[in-house]
Amino acid sequence: MAAVTGLEQPLVTASPRTARPRAWRAVVLLLAGLYFLVPLGASLWYTIYTPTMGVSFEAYGELLTAEGFASSLALSLGLGLATIALVLLLTLPAMLAVRLSAPRLRPVMEVLCTLPLVVPPITFVAGLGTSLRTGAEVLAPTPFWATLIAVQDPAFPIVLVLAYVVLVLPFVYRSLDAGLRTMDVRTLVEAARNLGASWPHVLLRVVVPNLRSALASASFLTLALVFGEFTVARLLGYQPFAVWIVTISGSRGQVSVAVSILSLLLIWLLLLAVSSAFGREKK
Amino acid sequence: MFTPRARVAGVIAALTVITAACGAAPGTQQPSASEGGVNARTATSAADFGGLDKLVEAAKKEGNLHVIALPPDWANYGEIIKTFEAKYGIKIESEDPDAASADEINAVKTRKGQDRAPDVLDLGQSFAISGATEGLFAPYKVQTFDKIPEGQKEPTGLWTNDYGGYISIGCDAKKITTCPTSFADLLKPEYKGKVALNGNPTKSGSAFAGVYAASIASGGSFDDIQPGIDFFKKLKDAGNFNPVETTPATIEKGETQISIDWDYNNAAYAPQMTAKGIDWKVNVPSDGKYFQMYAQAVNKDAPHPAAARLWQEFLYSPEGQNLYLKGFARPVLLPVMESDGTVDKAAAEALPEVEGTPTFPTTEQVDAAKAKLAGGWDAAISG
Amino acid sequence: MTRSRGWLGALPLLAFYAFVFGLPLAALLVGAFTSQGRPTLANMRQSLEGGNLTSIAGSVQVSAVVALLGAVLGTFLAYAVVTSRFAALRHSVLTASGVLANFGGVPLAFFWVATLGNSGVVSGLLGLPSGALYTFWGLVVVYLYFSVPLMVLVMAPALDGLRPQWREAAANNGATSWHYWRYVGLPVLTPALLGGVVLLFGGAFAAYATAAAMGAGTVVPLVTLKIANALTSDVLIGQENVALALSLNMIVIAGLVMAVYLPLQRRSTRWLR
């Protein structure tokens, strides 16, 4: 029991928390605002101003017609969508199965789905590249050789989709896990099955609608990762969006910064689109 | 879980997809000889085809050529590719221009037997040698093979040097009052924060050569690259070292005002930059002259063997060699062309001035230097 | 619903995982201990000496500094936002954090080159010496751009979990602000704090794209760049297995750090129920 000496905030609850820290909070927010917004502003200025030509929005016009812009963007988009589809297709049934009928697999799933976090992408691609090389030699006389090669087709490298699924697995798992935890999966599924629903019906009409926000955040994280992914694509020799930005930076500096600004906007839009499209979860 | 019908349908669908993408590597199946009984894959010279015209015919029949790691503004490859396409009507697919030599070797290994494999390679010297040892190349002697000096080709034609250059110091003459002409100059305080390399010496061939040249300038030799590493440490301590990798964009923006790079790269920047109002000068340093050549090789499992060999013939013809010259690179047949008058005189005059003839380090010396650099660069430059 | 067939649902994922993740890892392990077809420890030894050791140390240093700085700054920012009266501020900062935490890689590098690079917009104003961005601290400043938002995202829910009643109760018992934080606030927040530090460390440690796009690797030794250089280079040949050994070292370090994270993360969720 302390004496009531020298303590300014005895019974005043709400206001002291805002009274003293108010100036301090303003300083923190100001500094943070500066740190995060100045590079944005500076980059914008960098793209529109050159000492020789003054202010011009040429960089943005060049951007749209730059060689490889459309194709690399389309490739990244395609890869992103394919990754989302594949990762959800693999993870959702697995997590449902574990929850509903194989609870002993649960710790195994947890470990497996967190393991990719321990393997930095550069190390993963080092191993992946080696396996592809060895695979090409070892599998040469077998029919699987063509599959291995088809998977590496630069028009649409499925090998990248496979790699991205692994990279994004921990985040998707965590997202879906959180979502599944808040809905009473067992009851809902059992009720639906008792009413005669087939498994696809259960999945699509019962489980998915209840997981909307989890699916939304999983999709957002996947798309953001795929669009920004550079390491694996570069070291395997493909040119999706991020790799293209670096390639173009050698010849056109302003365009590459302009593209960087656009990609930030893109992620923002993605976040907005995904969160509004899926809406708020119904309680 | 699924109805029996659905299950069967699913299995059939899966099998169809899998078998559609199946098939063993073509290389392990019987190779088919091309028309006329000439197997382009094993031809070791134009004579094997029955003359250059027959080679051209066979190449045109193939119609395509895959090249890799050929940036258009590197030794004038842009124009070389266009000229070849126009001359023979063979379409060239130039992939991954920013690839490094290691990427080229990887592409050959991973895509063995595939249609996507590169046909021809332009490699750093060490990579050509190691690739030949690994049996990745096909021996092919171009028609001018005998004119190529000894030591600049592999005796059976597995690789041949194509062009090379000296390490040079490029400089933005408008922003810098006196351009440096030697490595010793670079340490002067007026160049604070301005001296850039073309990347990291453990990754970029020209940056490695820059360190090697600096070593020669600082009292080292082909056997000892340590003075070069020490030089750059001194440069960094003096505050003159600029870690940005030089590209046309950085020169334009003024981020890299002095650049150590191959003379053909620096010289090629000059006309580009004049258009942007920058006066880019090139000097071969007087105290550290280092000359290095790249090497051409034909992929043993090239998907377009005749076109690959025609490409070689083109590059080593006076026309091809002069195109290299136009790109400010020193083609391997330059001395020969100068004596028999086929050289493009104007282009030869435009080369950055250099005195004397170059000496080359041996493979062992280069390998030892690389190992030493890989071990010591990080500690020196970041300390 | 039969129990015995439940695991069938997990089979595709497990098969996929074994194939696409297991094989490369196996290749990594085998390659790290092989040289020219024969098992050897030479690669591992080489990966721990000279330039390679410098790069590992460099990476660990950068990551540790980013983790600690980012944790402190992120926590303060989260606190400032969480205790604000303006819901709009909180919402916008959290959204921005969501975006920025996922915005690393190449575009981030170009932002900073445009801002603080040698001919950057701000570097002239601040009178920065040339090459200032491409130093250890320059890299830290760049990495904080995605680390601080990540910390905000980690700490905001944790700070929310600090019930105001606890503060009142402490105040009622005569505790000063300092006492409150020392005996109530920090202990409650510690699991989340440490988890955040670990997460930040992992993110900075694994970062490759930003450093590569910035070209900082010439001056700041980083193990990710070393691995990439050993795999694809115009200079080094035959270093692939050393790259695999280095990768193995990276995974071990990341694994150790993660081994700290998982139990902490589980503990921290306890407080948020």
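By written order: A, B and C. Residues from 1 in each chain.
Here, a residue touches a chain if its C-beta (ideal position, glycine included) is under 8 Å from a C-beta of that chain, and two chains touch if they have at least 3 such contacts.
Keep in mind it's a predicted model, so treat the numbers as computed, not measured.
Under the contact definition, chain A and chain C share the contacting chains B. Each chain's centre was taken as the mean of its CA atoms, and the one lying most distant from chain A is B. The interface with the greater number of C-beta contacts, when A-B is set against B-C, is B-C. A straight line joining the Cα centres of chain A and chain C is 15 Å long.
As a whole-number value, the distance joining the C-alpha centres of chain B and chain C reads 37 Å. Residues of chain A in contact with at least two other chains: 129, 249, 256. The set of chain C residues touching two or more other chains comprises 5, 8, 228, 231-232. Counting partner chains per residue, chain B shows two or more touched chains at residues 1, 99, 103, 106, 253. Remark: chain A residues 1-4, 7, 9-11, 13-14, 16-18, 20-21, 24-25, 28-29, 32, 35-36, 38-40, 42-43, 45-47, 89-91, 93-94, 96-98, 100-102, 105, 109, 112, 114-124, 126-131, 134, 162-163, 165-166, 169, 189-190, 193, 221, 224-225, 228-231, 234-235, 242, 245-246, 249, 256-257, 259-261, 263-264, 267-268, 271 touch chain C in the complex.
Residue ranges on chain C touching chain A, taken from their complex, read 1-3, 5-10, 12-14, 16-17, 20-21, 23-28, 31, 73, 76-77, 80-81, 83-85, 89, 95-96, 98-100, 102-108, 110-115, 120-122, 144-145, 148, 164, 167-168, 171-177, 202, 205-206, 208-209, 212-213, 224, 227-228, 231-232, 240, 243-244, 247-248, 250-251, 254-255, 258, 262.
On the chain B side of its complex with chain A, the touching residues are 1-2, 18, 21-25, 27-28, 95-96, 98-99, 103, 106-107, 109-114, 116, 247-250, 252-253, 276-277. For chain B in complex with chain C, the touching residues are 1, 99-103, 106, 124, 126-127, 130, 192-194, 197, 199-205, 207-208, 236, 239, 241-245, 253-256, 370, 373-379, 381-382. Chain A contributes residues 52, 129, 132-133, 136-137, 139-147, 149-154, 199, 237, 239, 247, 249-253, 256 to its touches with chain B in the complex.
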